[in-house]
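Chain lettering (A, B, C, D, E and F) follows the sequence in which the chains are written, and residue indices restart at 1 in each chain.
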Amino acid sequence: MERSERAQVLIEALPYIRRFADKVVVVKYGGNALAGSASAEDALELFAADIVLMRLVGMRPVVVHGGGPQISDLMRRLGIETEFRNGLRVTDAATVDVVRMVLIGQVNPQLVAAINTHGPYAVGVSGEDAGLIRASERDPDLGFVGDVESINPTILVGLLDDEFIPVVATIGTDASGQAYNINADTVAGAIAEALDAEKLIYLTDIEGLRRDATDPATLIRQTTASELDELMADGTIAGGMIPKVESCVHAVRHGVRRAHILDGRVPHVLLHELFTDAGIGTMVTERGLS
Amino acid sequence: MERSERAQVLIEALPYIRRFADKVVVVKYGGNALAGSASAEDALELFAADIVLMRLVGMRPVVVHGGGPQISDLMRRLGIETEFRNGLRVTDAATVDVVRMVLIGQVNPQLVAAINTHGPYAVGVSGEDAGLIRASERDPDLGFVGDVESINPTILVGLLDDEFIPVVATIGTDASGQAYNINADTVAGAIAEALDAEKLIYLTDIEGLRRDATDPATLIRQTTASELDELMADGTIAGGMIPKVESCVHAVRHGVRRAHILDGRVPHVLLHELFTDAGIGTMVTERGLS
Amino acid sequence: MERSERAQVLIEALPYIRRFADKVVVVKYGGNALAGSASAEDALELFAADIVLMRLVGMRPVVVHGGGPQISDLMRRLGIETEFRNGLRVTDAATVDVVRMVLIGQVNPQLVAAINTHGPYAVGVSGEDAGLIRASERDPDLGFVGDVESINPTILVGLLDDEFIPVVATIGTDASGQAYNINADTVAGAIAEALDAEKLIYLTDIEGLRRDATDPATLIRQTTASELDELMADGTIAGGMIPKVESCVHAVRHGVRRAHILDGRVPHVLLHELFTDAGIGTMVTERGLS
Amino acid sequence: MERSERAQVLIEALPYIRRFADKVVVVKYGGNALAGSASAEDALELFAADIVLMRLVGMRPVVVHGGGPQISDLMRRLGIETEFRNGLRVTDAATVDVVRMVLIGQVNPQLVAAINTHGPYAVGVSGEDAGLIRASERDPDLGFVGDVESINPTILVGLLDDEFIPVVATIGTDASGQAYNINADTVAGAIAEALDAEKLIYLTDIEGLRRDATDPATLIRQTTASELDELMADGTIAGGMIPKVESCVHAVRHGVRRAHILDGRVPHVLLHELFTDAGIGTMVTERGLS
Amino acid sequence: MERSERAQVLIEALPYIRRFADKVVVVKYGGNALAGSASAEDALELFAADIVLMRLVGMRPVVVHGGGPQISDLMRRLGIETEFRNGLRVTDAATVDVVRMVLIGQVNPQLVAAINTHGPYAVGVSGEDAGLIRASERDPDLGFVGDVESINPTILVGLLDDEFIPVVATIGTDASGQAYNINADTVAGAIAEALDAEKLIYLTDIEGLRRDATDPATLIRQTTASELDELMADGTIAGGMIPKVESCVHAVRHGVRRAHILDGRVPHVLLHELFTDAGIGTMVTERGLS
Amino acid sequence: MERSERAQVLIEALPYIRRFADKVVVVKYGGNALAGSASAEDALELFAADIVLMRLVGMRPVVVHGGGPQISDLMRRLGIETEFRNGLRVTDAATVDVVRMVLIGQVNPQLVAAINTHGPYAVGVSGEDAGLIRASERDPDLGFVGDVESINPTILVGLLDDEFIPVVATIGTDASGQAYNINADTVAGAIAEALDAEKLIYLTDIEGLRRDATDPATLIRQTTASELDELMADGTIAGGMIPKVESCVHAVRHGVRRAHILDGRVPHVLLHELFTDAGIGTMVTERGLS
């Protein structure tokens, strides 16, 4: 590329850098991308570079992650059987230990290490640290599956003020110190609200939401909380997208300016969203944009 | 106990509280105690209470831990064979993953959770966070076994200033982000030096050092760096005690006021050491006390 | 006492230390205890130790004192006659000079010195310093007897923020700089309100309030502002207890969480109240505890 | 006076205000002036106004005072005999109590009150507060007569930073909390050094030092530490001036820029010295002015 | 003048210094005084000294200036014709360049330099700096004549906090960066409001407002916003005084405590107003003084 | 350009952004570029965008400018004759007024306005503000031509700490407040030294320095202070480049890490230099790069 074109790209990023200076952006990174293929490693590197760039141009990124595939993998290797009740995985004591070990001890340090190849920026945090995620039992039959009861963002605020990039493993605890497995999508939304974030971004493996799930042409570029309520009510949005979409809806109704569902398979999709006007994935606001 | 006796005990703690106000105390907690027996759980609770008390009366405790037994246990459950070269365990990629998973994902959160039953005090930190522990390869034949190359205490200082209790998992990384297994005793000493600690305390499963290893009557109450050099040179101190004793010697020669080897099996041994004049275990100073 | 019992006492203090961390506790210390007998000196030492312990475990104690007996003593030695009108002592210019000399120059430094044997903690403050206590004349016939017109807590807040223990002599001044003698119990309550204190504690020479003044069995463990209003209205509470009780009632109605009337003759009664659940003396809250 | 002349005076003060902005000026105020005549009261008012003006135009004044005449007066009223040994007053326990009562409880609040008629500026401090003056016994035969062992200026620095005017009563304590009577001139010098003062000013009842004690024409306008050493060695300077002159010499040799011996009987002599070029009294510098 | 009289003048300034400590005082300095005669230079020196004195005794002065005569002069020298429409000067591109050059490059540095002969106090600021004055076009026919749309006082607050004296040239800009000529009287009022000033002072070439413009005996010493509304409505106040009076009225109705119209030809008129009770010029308050 | 290429450019800027975070970069902007052609306006816009980008990605840019052509233009328009002595322009009172008016009132606001179309970033500063540039007369025959005597960077540090972009007009003053015309190249170097800048950049109208002035092929990419000394000594570097080159040499010998002479005619040349490894213009270091 020509020198002059490079300069042009940098200059065109100016208004976006200004707009997001000092703004908190919560990014939910899917566990799939970290599951171990060679290309996953590349994806992780690209993602890490994007996050570091966000931080260096003045944003305050917070990374939230789960780790479903890695958990299943270790369960399998340890020969722990998963019991299902009404289609939901039961999380017994042995399972929650595995979940914790994988999220905090495997996925989280992978993300931290990838970011920190650029410098001492990332700090791994679990929901158990400094009371970050207080959880409550969802259903005795499901064992240690928790709901977010409250977020104590003190530790995140402290790290952001010290210019670190927090990377959050979504384990919560109850008052007794018992660990719970919590949906990472839900945690991302709750943290975005607690931090009064400018943006909540879900990196997924779909292009975005569709008005007709079977028709790529119906990709939703921009939508509102109310429309998403309807699309969930009529079943258009279903399955694994529900926690993401519910969190988007809740977040934009509780102070988060914009929520996004982006295709994490597109290299540097975060930069496309943050530094250009290109419509990428699905953007959710509380009301329509005027 | 009588009310008046209780008051008396509190009052007698006064001079110790004064002496250690705002002082950093690094405590190395042995992995053995966390390995899973019922009494271990009790020991953990006692330990957690001691640490919280230290913090609440104004000290700045930092907990450092390893996790040998728990690592061996998971290795076994996963069927990973351990290779030894010249009597030293070879740490290949699969092994370092297990080490990391256990230290950061199992032992660390257990400690954090135990402390946080008292309030949102503890924050888990790994050596990968914010570049805390920079490691270098010890010997290509041993794989990912690392030595401490440098300590960047920024994250610990930040957490201590925010009145948190850092709990450190002793994983280090090199510049490329590769994780290394590092001796936790050595890390504890290096962190004590980097933080200009008042005390470095090793909680072990022995009563203290002995001048004659076979004679309990030769327990060393108080010693100096030079004497310990001699005891290591003549073989009196050997084996697993070497990293601890070397770290004690190095630490008191680099600004740490006192180092202690205490018997972690004694309930509340930290409080005995910190709040009474009772001679507990072995105390190391740079020179003899005047 | 056994080492393990000592540790146990410290550990049991934990929840109380946590509860009162950074909280202001205003303690009114009676002049009687300082009047000069050998045991008084001991009492002062015990009191000083309690106050220092409160400070060292993170509370923000403020000591307020009067000095009735010491004032009478110096009046007698100087041969100054006390005139009474309607049963109230008339405070003429000579008398207010004696009051000031005793409170600021004798009682206050005794308290400061006793506390400071533990370290440079206490700072004597009079109501004349930095406009702390603005007084107004109660009744021209009584001379320089003043009521609290307002409290300017700036100097106390400054000293507490610098981690000092303020010891307050209850002399007030009007706009012209004229000194006034003011009831120390009333000042203690006014200062507790101005500092938004957690607790206001009166150390007295009675066991606590009684529902029937003649029957020790009617000791009131816990009561409310309304009940105390009634007990004063029906004359159950009378005489010298009135300023204390009125101040308790006013204080709990103006933001102070709890007020206590304790028996200052019991050694370390402050520690009993603050570090145990034992019901000591009389506790006053705005409404009943739920 | 004409409006325009008034303006002229203010404008001519400009360079002096600039020169002393934020500078510490320690003023030793003699006890004589407070001893009780009508004109003394006026003198006190003038002095207070000068001090407040210094503070309001940006200096950091510290007032230090003794109270010899007032002490003698109360001794007499209480019928306490003063014993002398080798011409020095013996300070027994009863005497030190009187000294303390007078300095802290009578003279100090008079100064504080006089200043505070202008606003909440002054805060009384004794050498016992926050360990300000640590004293040691001079001679067992003299009882509680102390020398300055060390100054802990923390409390003064704190008050100055909060823009208060500290007024210091010169009582010191030893480690046991025992009070000592200390020469106020010496304390003033020691405090000036500890605060790295710009000026140390003694307000006395003489016009200044003389080269020939009997000849007013030999008034010394400007001198150096060395010349004063000589004048003390040859007996020209003697008696009560010794502590002042010794303190001046010590102070200018330990960082204080200038020391002054002024005639406190001249109304507003502080303003003459600080806001004009008029040569007032005797000025001492380490070396001659170039 | 006698030494004692000088001291008296300083002491009499005390209550005024206290009253205005830390208060913002916005002074509009007329361009006439800077137009170039020898006496103007003297006037500038006197004015500079007054402003420095205000700052040194603790006020926070802000100087605002225009420069009408100097603009006309340069226009003439450059041979630029001034066009008038409906009696108003049209400000075309060439004219606004001249206005900017004179205000920012000639008048402003003259004021800054005069003040800075006393020390590094003054900092020149134009309305273009840091978005201080946002302007909007008043009337397309008048060209670049602007109205104040908003004031962003960030740069002024920053300079005042760093203890500088801002000197403001009244050029504004619109969003595109286009400069506008703005009435300096109006800017002074808007800045006083934005800074929540204690006082807004106009230095003019009249003695003050009059109830009857032709009768010096009707000078208004003190008035209210409502009365001035009436005097403008009935035409008593007219012409060039309108922007000043309107700004006074608006300012006292928006938080500025007092506005003054003073005679800038009187030497040190600022000191007369600020440091004496003499009634100088016309004082405006929101309501009558009680 | 493709989305992915854009992202790539941003990512490739990462290491440069990291390297220059919080670093001061002083940029000397030539007056030529502002002299008024259409393309000059474009150049100004490009320059402003570069400076804002530098600030937004975390650098601390300082702009220094002269204005030779604009000065000549106004001189001509005002009919002021320029006298030369020994080939040097004599700066009389009328001339220095023009210089000041042009630099502070015309060129400076143009730069400020251009930058502030992006937001309230730039603040114009002259050397007269807060004593920034203290000048001394070079030669009585030359009138008000000054040399830099000292730089007081307080105002620049304050603005940089408040995240503003200072734009400096190179007028200096002597103690009497007299303005002097000073070489802008020299000022840029002196400011870079006073601010301990990372870089000092001269934007010129040449491609860079040459070892043979007549041979473009001898462009110097990288050089040292010593080599430049030689090139000036042997006359290779001469004329208008002398002040720039002397300043580069002095600056790198006094703490500035690198100095650059760049071709300001190349659009976005600052970005090429700062965000790529491309060798642009001439880079000067103290010693050769290892």
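Going forward, a residue touches a chain if its C-beta (ideal position, glycine included) is under 8 Å from a C-beta of that chain, and two chains touch if they have at least 3 such contacts.
In this text, all values refer to a predicted model and were calculated from it rather than measured experimentally.
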Hey, what chains does subunit A share as contacts with subunit C?
B
Quick one: how many steps at least from subunit A to subunit E, stepping chain to touching chain?
2
For the interface formed by C-D, which of the candidate pairs E-F, D-E or A-F is equivalent, sharing more than half of the contact pairs by residue number?
E-F
Can we say the copies subunit A and subunit F touch using the same residue numbers, with more than half in common, or are the two sides different?
same
If you average the CA atoms of subunit C and of subunit F, how far apart do the two points sit, in angstrom?
68
Express in whole angstrom the distance between the two chain centres, defined as the mean CA positions of subunit C and subunit E.
55
Taking each chain's centre as the mean position of its Cα atoms, how many Å separate subunit A from subunit B?
35
What are the residues of subunit D that contact at least two other chains?
119
Once you draw an edge for every pair of touching chains, what topology comes out, line, ring, star, complete or other?
ring
Touching residues (chain side subunit A, partner subunit F) in the complex:
1, 3-14, 17-18, 21, 49-50, 52-53, 56-58, 118-119, 267-268, 271-272, 275-276, 278
Quick check on the complex: what are the subunit E residues that touch subunit F?
77-78, 97, 100-106, 108-109, 112-114, 116-117, 119-126, 128-131, 152, 154-155, 158-159, 162, 164, 171, 173, 175-179
